[in-house]
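Note that chain A is present in both complexes that follow, paired respectively with chain B and with chain C.
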Partner chain A sequence: MDFIKTVALPRYAEYNCTFRYILEKGLDVKYLLQPPLTQHTLEIGAKYSPDFVCTPFKTTLGSMIEALEAGADTLIMIFGLCKLGYYGELQEQILRDLGYKFDCINFSDFDTGRKKDYIRGLKRINPKMSFAKFAVAGMEAIKMGDYLDEITGEYYKNYGFAQDRKAYQHAYKAFLRDMYAAGSKSDIEEGYRRAKDAMSRIPLDKPLKPLRVGVIGEFYTAMDAFSNLETEQKLADMGVEVHRWMTATNRVIHYPGETNLNVKIQEYCRYEMGPTSTANIWSAKTYAEKGFDGIVHIKSANCTPEIDIMPVLQNIGNDYKIPILYLTFDAQTSDVGLMTRLEAFYDMIAMRKKVIV
Partner chain B sequence: MEQITVGIPRGLLYFRYRTVWKTLFKELGFKVIVSEPTTQETADIGSALTVDEGCLAQKLFFGHVSSLVGRCDYIFIPRIRNYGKSRELCVRFMALYDMAVNMFRGSGQKFLTYSVDEWKSVSEKESVLELAKTLDLPTKRVKAAYKTAVKADEERQKELLQKQSERLKRNGLKILIAAHSYVIEDNFVGKPITEYLKKSGAVPIRADVVDRDSAFKKSLELSSTCKWTVNQEIMSGILSYEDRVDGIILLSTFPCGQDAMVNELILRRVGDMPMLNLVVDGQSGTAGLETRLESFLDIIRFKKGAL
Partner chain C sequence: MKDAFLGIDVGSISTKGVILDEDNRLLCSEYIWTEGDPIGAVKKLIGLLEAQFDKKEYQIVGTGTTGSARKLVGAITGATIVKNEITAHAVGTTSFYPDVRTILEIGGQDSKVILVENGVAVDYAMNTLCAAGTGAFLSSQAKRLGIEIEDIGDYALRSKHPTPIAARCTVFAESDLVHKIQMGHSKEDILAGVCQAVVSNYLNNVGKGKRIVSPVVFQGGVSKNKGVVAAFENALGCKVTVDDNGHLMGAIGIAVLARKSSGRRKFDFAIENMDFRAGEASCGRCSNNCEIICVYQNGKIIDSWGNRCERGSVSV
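== the complex of A and B ==
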């Protein structure tokens, strides 16, 4: 029998269910899901990383170590804009220097802008891959990603108002489990419908004008609940309707493109200032225009592009008189400290709402 | 007609492009002023203006911008994104212009800019022409000015390489400094370090002074996916000069994540060479680094049997 690879990628929010689907259904390899991110993951990652690199580098390095410890023999490094495109080569070097033996498929090696090179990358995962099969699984995985972002969005908007919060959370968790287990398109569809049903059956006590907060920020940390110490859940717990446009599917698959978005924010910036900058500035402005009560900007320590949009966000905050809470996360960020800041922010926006209404 | 004054901040890409920019604007009939060399005050003003978390090089840059506000018709801040796929600059250079406009929007100061994004087929030449259009300058004249500017820059680069090979022939310990031009040449950051080396009888060599055309290809020997042009040049410099130097100083500003990554790789891959990783921050500048430099030189001398 042929040797079947056991492939892993770092943990990234809940998107690993889509990675799993593509790899197993589209490329016929075995996918290994390492344990969820914990403080320990981040600590081992940070221990072997250069100090000043942005935090997702450290988190994903830790997650790769946990994957290798759990038995993965192949690691996939993804490519991307900004420093992300250089994560892979350095992480591989660090892991090799630590003595790990594994096959490394680094998509930055194939990131030339030419389609045939990306296909070469896929063939590295499985030389016998069928492109047709991959395309079908890819489309289905994208659908899964869309559902995931939709249900997650709904969850954080409504959790704080559910009459039975426990049941609401239970329905969301069950949906995640379904997506991680899905083996076919119909599994995905059924899981989605089940979640929709279950969540809509739980009555909400939502005031006419609830407190609404828009979350914006960096690609990894704003989406990954572990990395932002569950900021969204904490806000939802306080009874806030939490919105976030910045999701993997919105930014990567359905992105309206920098020029489209840029037209809408031209009074603030002339250029695309960074990989997620346009979308975040546009989101912030949209939340402000829609009368949201506050904005939370989430980034990892040392995230260059998100640091650089802060002067723009400050101007939006001043122009629309909307409070913006700036949060930076690294291995040392304490849960208690975060809670204190979120509570103070909540008190402030709740107070303003009373005065304004 | 009153002559238009263009102010150029003496920070970041100024050190790479000064000849191009100064020649270009002078040829176009502008008066060019450049902010004064960096001092502790520049660092303090820049730090007060910017978010704490930015890199020192950026803080210094905005210190320079601030010193030009109100002193010129335009402050020139281009946006340079890449010279093609895998030939990028730090993402920070995408943002500088818009940052400045947002930071100083109440001041009435006007800014000039152009954007280079060759991956999307926008070259430096085209963007210069675009800029000139907004100033109502005749295309023909701009083309000629740009040509002169490019020529002058080629001369300057030749001269830099010439000086480098002279330095390589000198006696004394040769120390290769791997740093961005705005780090090594800055009065507050790199200067004190090169001065110290000279005073101690060592010869500083610059890793970023290389033949730029062949740098990318050469750098692949050290790192196959590094997409930052300047870091590619520095890596190709390390490969070209490592046989002729006695030690390497990796010099960056606090807290530059990009250099941190590349330097980590260099430390892990360049074998058998004394290396010192120096990070300069805005509060202490280079004070306190002297002891580290001194012991680094001692180690090298000891290794060479000269102590």
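== the complex of A and C ==
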């Protein structure tokens, strides 16, 4: 089958499987999946980025270059509520200055809040699109995203306690492969069931009260394992139950709404502070109320909304007596410093728990 | 034959070693400069400790390493426990000061604050991207003024009117300091200003949002500087305790942790005469290009790390 376009998006955690599904099944264009993020991606991204821009800008720019090198002719950039809204325009300009020829569909151009404009954006991808087809594929892709977040959440909660960690990781990796290859609704459902089945068959040695850590943070860096140097995996390796509410589906699809969340945290902040700020403050407060042992706050360097919520988090930490580890990520090559901090954090919450219990 | 425990703390600037007996009594201790050669420094340190150590009465059955070179040194010494310096400092201090509530620590390249409740650490912070207000800054400024780092404290305490120095960033502080020198301020006033700058930088960065409650213990190499201690007492409005062994606290802490942990292995002083080398290799099996560190003992590989996945693992 001939496609009118070969479309790519920057790598974003493991969500590219859902992008692929919706673009190929709903919009009839070819989706190009570039290689996973590596040090090389970040290096080429950082080379052509402004020095003090947030790190995801560099990572996604590098990832776009890798997609163009692999043969993509159209790039899609998503919109966002912070600096992310300006990423697309600047990245397009940088790529054009580098001499790449491509079509750029920047959803920030269509982000007006009116349905009509978003449809115009979709029509830019494929003018002959069918709405019925898109709606069906869209719902299935959302389902895939839900499954992805569910299985990923389960993986990080249980990995540290699995009797056979290798098999547990293997089951998770197999699930990701299934999702990237899924071509129909039944593929998605089957992959999900297979993963659920494989993971639940591996026995867990979980104590009655395991160490629980809640991860909160910025939209890209908190979710993307490469960008946060696998912070969640490192915590899980130490035998910690890792929870993270902040996922793409929770923030975008199932978001309870700014007003609803704001009511729940009104003793800590009265204004909307940024795209993920309200949700992060609310998550931190929820983790504290549930008696978690610690909170890890992840952000990229120069992320203004997340820097702004740090004083609020400190208040929560003081009120509920819960330790909070603040981590900032930039284009680093070594994770030694991160290991020192995470190990110390683990030792601290483990020793603390022994004294309290 | 009684049991003893060796603790080694290899920092960016100095290398510390202690040997404790089972009741946390200090049998021997040594403090030397790392001088950019952690392997050489540790071999020298072990030689110096051996000279003080009573081999007839004691035997080292547990070894712990901490500090930024902990992994490398742990591989060389065959350590039974390798732990980060934050935990080591917290454990070391709380074993000697059970009532402590706040531990301030300023080392050569990093600074941290550890909050303690009921004898366990409950919160900590460590400087992240910037080395402003650490020992390295103090030593470079001492060199600029042509005095020994050990004398900064005495100079600072003689000052009547400390010179205000911008504390935000090492680079700004340095240009401010040069300016003040050229304006004719005395060395005493400038050094007192530098000590205050270190303290205000620490409290504004690492200590931001942390409740500093008395009793306060101050340690790390910079705690030997009386000027900084005075500036801390002034800024916090409470007494700041400096232990005579405050600069060794990381090594003491890791020796205590070696005693508490279950691992036991007899330590052999012979390693001071062995040849150790650390080499770096690029994995090259994917575009991550992990830097793999390999440690060789007499030309034979004994440990390696740095790989992100199994493709880069080196069989030992």
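Operating definition for what follows: the second predicted complex is superposed on the first by the 353 of 357 C-alpha atoms of A that agree within 3 Å, B and C clash if a C-alpha of one lies under 4 Å from a C-alpha of the other, contacts with A are read in each partner's own complex, and residues count from 1 in each chain.
Operating definition for what follows: contacts are C-beta pairs under 8 Å (C-beta built on N, C-alpha and C of every residue); 3 or more make two chains touch, one makes a residue touch a chain.
Everything quoted here is computed from the prediction, not taken from an experiment.
Participant: Applying the document's definition of touch, where does A:P311 land relative to chain B and chain C: first, second, both, or neither?
Facilitator: In the superposition, A:P311 touches chain B and chain C alike.
Participant: State whether A:Q169 touches chain B only (first), chain C only (second), both chains, or neither.
Facilitator: It touches nothing on chain B or chain C.
Participant: For A:T6 in the superposed arrangement: first (chain B), second (chain C), both or neither?
Facilitator: In the superposed model, A:T6 contacts neither chain B nor chain C.
Participant: Looking at A:T328, would you say it contacts chain B, chain C, both, or neither? Reply first, second, both or neither.
Facilitator: both
Participant: Contact-wise, after the overlay, does A:A301 reach chain B, chain C, both or neither (first, second, both, neither)?
Facilitator: Both partners, chain B and chain C.
Participant: After lining up the shared chain so the two structures overlap, which partner does A:Q233 touch, if you call chain B first and chain C second: first, second, both or neither?
Facilitator: neither
Participant: After lining up the shared chain so the two structures overlap, which partner does A:C54 touch, if you call chain B first and chain C second: first, second, both or neither?
Facilitator: first
Participant: Kindly classify A:P35 by the partners it touches after superposition: chain B alone (first), chain C alone (second), both, or neither?
Facilitator: second
Participant: Can you pull the chain A residues that chain B and chain C both touch?
Facilitator: In chain A, residues 301, 310-311, 314, 328 are touched by chain B and also by chain C.
Participant: Touching chain B in the complex: which residues of chain A?
Facilitator: 49-54, 57, 81-83, 85-86, 88-90, 93-94, 97, 106, 108-109, 111-113, 268-275, 277, 301-302, 304-305, 307-312, 314-315, 328
Participant: Contact residues on chain B for chain A in the complex?
Facilitator: Touch residues, chain B against chain A: 51, 53-54, 79, 85-86, 90-92, 94-95, 97-99, 101-103, 105, 113, 115, 119, 223-228, 254-258, 260-265, 268-269, 279.
Participant: Which stretch or stretches of chain C touch chain A in the complex?
Facilitator: Interface residues on chain C, with respect to chain A: 68, 83-87, 90, 118-126, 128-129, 209, 211, 286-289, 291.
Participant: Chain C touches which residues of chain A in the complex?
Facilitator: Interface residues on chain A, with respect to chain C: 35, 38-41, 301, 310-311, 314, 317-318, 321, 323-324, 326, 328, 330, 333-334, 336-337, 339-341, 343-345, 347-348, 351-352, 354-355.
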